[in-house]
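Given below, in the form of structure tokens, are the structures.
The following pair of complexes shares a single chain, subunit A, combined with subunit B in the former and subunit C in the latter.
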Partner chain A sequence: MQDHTQEPLLEMFIFETVQLLEQLEQLVISIEKSGFFDQDAINEIFRIMHTIKGSSTMMNIGSISSVAHSVEDLFYILRENKTSGFDQSKVSDIILESIDFIKEEVRLLDSGVSNNGDAGPLTGKIRNFISEISGQQDNRQSTTADGTEEQEYTEGSNDTNRQENLKTYSSVIFFDDDCGMEGMRAFSLIHNLKDIASDISHIPENLTSDADTDTIIRNSGLKIRFMTEHTYEEVYNFLSQTIFLKKVELTETTDVAAGETDDSRNKGNDESRGENDSRLYGQTELRSVDPQQNVRSNDVSGRLSASQHSIVSVNVAKLDKLMDLVGELVISEAMVTQNPDLEGLTLDNFQKAARQHRKIISELQDIAMSIRMVPLSATFQKMHRIVRDMSRKLDKDVRLEIIGEETEVDKNIIEHISDPLMHLIRNALDHGIEPKEERRAKGKPVTAVVTLEAKNAGGDVLIIVKDDGRGLNRQKILARAKENGLVSRPDSELTDKEIFSFVFLPGFSTKEKATEYSGRGVGMDVVAKNIGVIGGNVSLSSVEGEGTAITIKIPLTLAIMDGMTIAAGGHKYTIPTLSIRESFKAKETDVFQDPDGNEMIMIRGECYPVLRLYEVFKLDTCVTNISDGIIVMVENQGKCICLFTDELIGEQQVVVKALPDYIKKFKKVRGVAGCTLLGDGSISLILDIGGLVEYGA
Partner chain B sequence: MTDVIENTIEMEEDTQKGRYLTFSLGQEIYGIEISYVTEIIGIQAITKIPELPEYVKGIINLRGKIIPVMDVRLRFRKEPKEYNDRTCIIVIEINKTSIGLIVDSVAEVLKIPEGEIVEPPQINKGYNRYIKSIGKVGNDVKLLLDCEKLLSEEELDDLNDVV
Partner chain C sequence: MKSVLVVDDASFMRLALKTMLEKNGYKVVAEAENGIKAVEKYKELHPDIVTLDITMPEMDGISALKEILSYDPNAIVIMASALGQEVYIKEAILAGAKYFIVKPFKEEHIVTVLNKVLSERR
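The block that comes next holds the complex of A and B.
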């Protein structure tokens, strides 16, 4: 797999496998809820495992394919036996364990480490389980269960009892010229073919991935003869789905002479040439001859075509580029339509055209934004697994309720909230929810409910994690805060909100004993910090005995924001509108100094520090009298400071751009979060309110 | 004459090889390899960024791309000079980083054959470390800059500033 030509393939493999695994995980969790494996679910799991096995074999990843193979075997037996007399939870444990294993392997693969996970213990475990449940089943199944694949494929298939419908086909298959590992691909194809056909014979006979086999297949193609009851189209579609297929020739033969397959390329030839490019899309309108037998291949192609028709996966870098370009378009539109040269002219037609232009651009901007928006559902669904694992381990009965998972946020943001959410859910289960007995004693329902809710609120998305556990203990937190020397005011002056906010400070955990999941005191402050990185904030409310709700407020997107442009010392700066509390003119006498020369202002009975922006940034300005400039009060995480600026220029949407790497290489530029281009093409620095608040405090 | 013929052959191999963009900084003429140079623009409005070394003037908007600009005079610890209409920004790209170099004025593009380039003398102080080599053109001497050092040595500089 070191071959560079394989990289896009590998990427695709990782992408698909991860998706399948997520799908599988959700499925298993939902099965656990409903309590039993129905036939559909078993088929579905079988199908997913089959796909993973196929593609990992194709990619020559032994560990994944052997695990997938074992699980597939297990479900083959479950499907065939149609019994329900097996240990349901053990089966789901096995699947989840397998999922974890494969996930880890895929992760390693993704990070470029050569995967060397040992699938042995896991497959052994599955095999044991298989023999346990199959017990006295006929040995036909135990051969499939032994986990190794034989090299000889000129063998009969499992069910050859419908001889009367069988038709004989011969086919020649060519793979893409530079796909590599033809032998392996042929092997995998034949293996898949066994599911729908019998009496398979092929040339070359020995399908290992050595160079000889590869050369033969490359030059003269893989020749197969097989018998099946499926129609010509079905078989053709089946073969067309092969990865890296260049050409497939398929003929229905009536004679039994083997080996002449290469002469009989009459029917399939033309068709296949035409359909070479569209082969990926498959065809959904398969006529099913025998629904029972057909259900899988039908299903596979149906899904493939459905998903590939409607979804294109795009490199995020391209989306970022698009976003950048659209942002620049917005700016250049302003540069044209508000060009100083046009001032004072009456240009009715021009204005009309400009308006139309602006409308289209803003539509384009909306679309470009929406492309980056991803629903939260995938992130939310992952939490099911955590709740399941933890509630088992902690012996608590917990139900996860998800509300508003369709809420969409920017892709960059999604990546940042997964970990914090995981922390919060773990915290809720570990600290929040009481043990069963305690709940019973308190008269609460034994099954606790953790609610994960997302909703839009203006330009923000709120994500709320709520549990109905014991809530936060005000006294305990206060005591702990005092221990750490965090409290500087008398108890009576502290509000609940202030006390609860101590939880977000580093090293603060009230749980006496650390558990596997939480309580090491690295939880909440990390959550607050991670959320802070993406411009969000976390707040907490709790009623003792009734539960805790943690609200994460995150912006919809990082790429565009509403900003207030201000001027200080001849330079323009942008303040995120979200963090502006108010702006006002102050009198010289309102501002007073402490002995250290720090300026403060009293507003409505509260005292705020005043920061002169030109002093912070060491600029020359003629506006130094408080009464000449304007004061903007900004807030970050509950703390406010007043910025003294020369003037307000106006509010506009700005496209956030990062500072050049060269600039960032110097010690972190304090007080500047990024920059943006204004309508006139000049650059405005975006103030980092969090940094400034710290500076001022 | 043979030199000329040789050069033509070289040129066919790589038209940029051996070509240097020269610019003046006070009395001296400096040269940088043309392959680094993206474009030359006139001086324009620079947005200051706080808390940066003096020689990093700030950022400019180059057709939607935001790039940092460095005053080469200050980088070499020369006296600062008012910018005028001769002042130019040479935009160079090194390792995918674009940066603008503010210079007094741009002179010309010169071909300096390899034989005319000599190692700089070993001097253990000052900005000599930015000079990769010295080119001779007629009676003139051009100081050929090592662009990568220009960008990558600020850590060292910072240390020196502390000491």
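The block that comes next holds the complex of A and C.
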């Protein structure tokens, strides 16, 4: 999500709407599995769409609000007519389509594009469906009363006492032109009027706020007739208190004939007054409504996360800042306890206190990191939708099994996992899993299983996408690799792993024809790259005929990293330990120049480019002979280069800090991914191995 | 400055309303996302005004209204509803709500209603 801190309302809208859509999507998919729409589910869906409609209307996003409105209408009908005689799969299709539409509009909003999605086709479709099912059900006009109808008699004890000081007034009330809901306002006014008056009658008599009532009142005002002991001024003041009042006309009349307290309405005398309404001055009707079904939507706790109650939403920027400061704290703690001033001193009490200090800070660090950890559930659950859609389209029978979704990963990392996962799942469904007949012929169960698993392994998280499909065909890949000129060694020397890793190369695909979902050869390398960005890697294993498993390994957090600190040109740098293959001392004779003039080194029969760090970073140094320095071989995505450094200083855990903005904005510094503070207070730049590998290659 | 308790199950609505209120000199002392919390907060903070959404899970606006009023008959409660919810507004009015505002909120309307509310009750 982008940063919209300039517009908190927009940010909140996007955040909440996305959350609601995800809830809704999960809800629909689990409904499809269970097979029916129960009342709770209907209420929940109604409520979610209602909320989205409300918010999007406030934000003036017409496309979203009209779609939400239509779905809300649909579910209103489904809710009222409790029969289940409607086409359930069509309904879930409609919802999912609406979700997609709204998602896309929100996505456009988020990236700052003004959305102009055309809601017409979708809302039209929904309305057609609505009229279809309305035609099926009894047409219950909801304008007539549901439930018990009470005729409320005018209050006060004035039925029998027609005292002298009871006066009859008639009044016409006009509300402000654009206040809206005039019928409701009228109802409110009449209700309040009962405090001081009796025998109230009014035109229009039906005070629901339908368009007609509102219009009547807008055009000809609300006409009322009532009796009260109060004086003209008192009554006038009372009526003038009405909110959004434009005009009130009040006259005292002596005519007491109207407003009788009995049921029958069409009295002869009334009609003779020459009014055009066929039913004049009706009684105030109050309908009591059964609140049970409509207003209270029961919490569908089984489907929603019950953890909503003890969760606080925190701005991610604040979390980042927190992590930053904790990182600084760790460094400054080291600077205190390892301070050169303390060297050689015996400080027992101090050491004790320092240890305690260290312990607390360590705990703080753990908690700070855990705050940013988010379970993979949300990301994993999204895959259900993809499996559902694709298995339908490809006519394959696929079940998605999710294991270990409660495994947590740093929030920053989660955003980068979603797309690669989607691609892997699509691949599995498109390429891996065979069509039903083929599976049957092979003796496999027709329902294919795709397993999405997450688990912790040391300081990393493993995410495995497994399928029981046809597996990778070693021959085919090898053949394609040879075609592309990628193979230089004899077949027998290549391990399965190496062969499979060819699929990670850009443009590589054994598919003759690209489908909508895959086969273009732009997938796996992008997956690998995205995973690389978050410091992880991808590997494949497969058994032909049985299935394929793709394992993604990602570090728990980007904030802390194992690194090897080295010196080059008198300055300190840190290389991520993960990227280091080996380090060694080389001889002058090992290096040579290739035809292009690049320096290369020969190691066990293989050639690798040599990158002299002091050259890359333009440093002054006296260590220029190969034999004086150390070579560190690093790798990125299967490519290796050798870095020439002055010396190795040591391995340690470092707190990764990003380069300051003003540097990032000024110029993209190649080869530097971040920086860190070492225990002695000096700054070490963290090398961007990927960038250096490209540079050297 | 008059204090307000804003109640609505949608965070977005609460934020929108809060922004409008604070812009016009009101102080939002608390928010609640359902009727139960609304009653809790009311009893805890005794705000001058409560804006109460009608449709909420756990305990809807009408029930919350009734509870708040039975706890404090002088409570100033403004119901918030969407178009199409007249039936509930009626019920709310019958239960004792004096005022209502309609979503989508128009800032001028809200201000008019609140000013009216305060001038009456003084």
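Keep in mind that, in the parts below, the second predicted complex is superposed on the first by the 408 of 697 C-alpha atoms of A that agree within 3 Å, B and C clash if a C-alpha of one lies under 4 Å from a C-alpha of the other, contacts with A are read in each partner's own complex, and residues count from 1 in each chain.
Throughout what follows, a residue touches a chain if its C-beta (ideal position, glycine included) is under 8 Å from a C-beta of that chain, and two chains touch if they have at least 3 such contacts.
Only a predicted model underlies this, so the values are computations on that prediction, with no experimental measurement involved.
Chemist: Looking at A:78, would you say it contacts subunit B, subunit C, both, or neither? Reply first, second, both or neither.
Modeler: neither
Chemist: Figure out whether A:334 sits in contact with subunit B (first) or subunit C (second), or with both, or with neither.
Modeler: A:334: touches no partner chain.
Chemist: Looking at the overlay, what does A:55 touch: subunit B (first), subunit C (second), both, or neither?
Modeler: In the superposition, A:55 contacts subunit C only.
Chemist: Taking the superposition as given, does A:665 touch the first partner, subunit B, the second, subunit C, both, or neither?
Modeler: After superposing on A, A:665 lies in contact with subunit B but is clear of subunit C.
Chemist: Can you tell me whether subunit B or subunit C touches more residues on subunit A?
Modeler: If we count touched residues of subunit A for both partners, the winner is C.
Chemist: Scan A:685 for contacts with subunit B and subunit C and give back first, second, both or neither.
Modeler: first
Chemist: Would you pull the subunit B residues touching subunit A in the complex into a rising list?
Modeler: Going through subunit B, the ones touching subunit A are 45, 47-53, 56, 59-61, 64, 66-68, 97-99, 151, 154.
Chemist: Residue numbers of subunit C touching subunit A in their complex, please.
Modeler: Going through subunit C, the ones touching subunit A are 9-13, 15-16, 19, 54-55, 57-63, 82-83, 86-91, 93-94, 98-100, 102-105, 109, 112-113, 116, 120.
Chemist: Using the touch definition from the top, list the residues of subunit A that touch subunit C in their complex.
Modeler: Interface residues on subunit A, with respect to subunit C: 8-9, 12-13, 15-17, 47, 50-51, 53-55, 57-58, 179-181, 183-184, 187-188, 191, 208-210, 241, 243-244, 286-289, 291, 294-299, 313.
Chemist: Which residues, counting only subunit A, touch subunit B once they are in their complex?
Modeler: 324, 328, 331-332, 571, 616-619, 657, 659-663, 665-667, 669-672, 675, 677, 681-685
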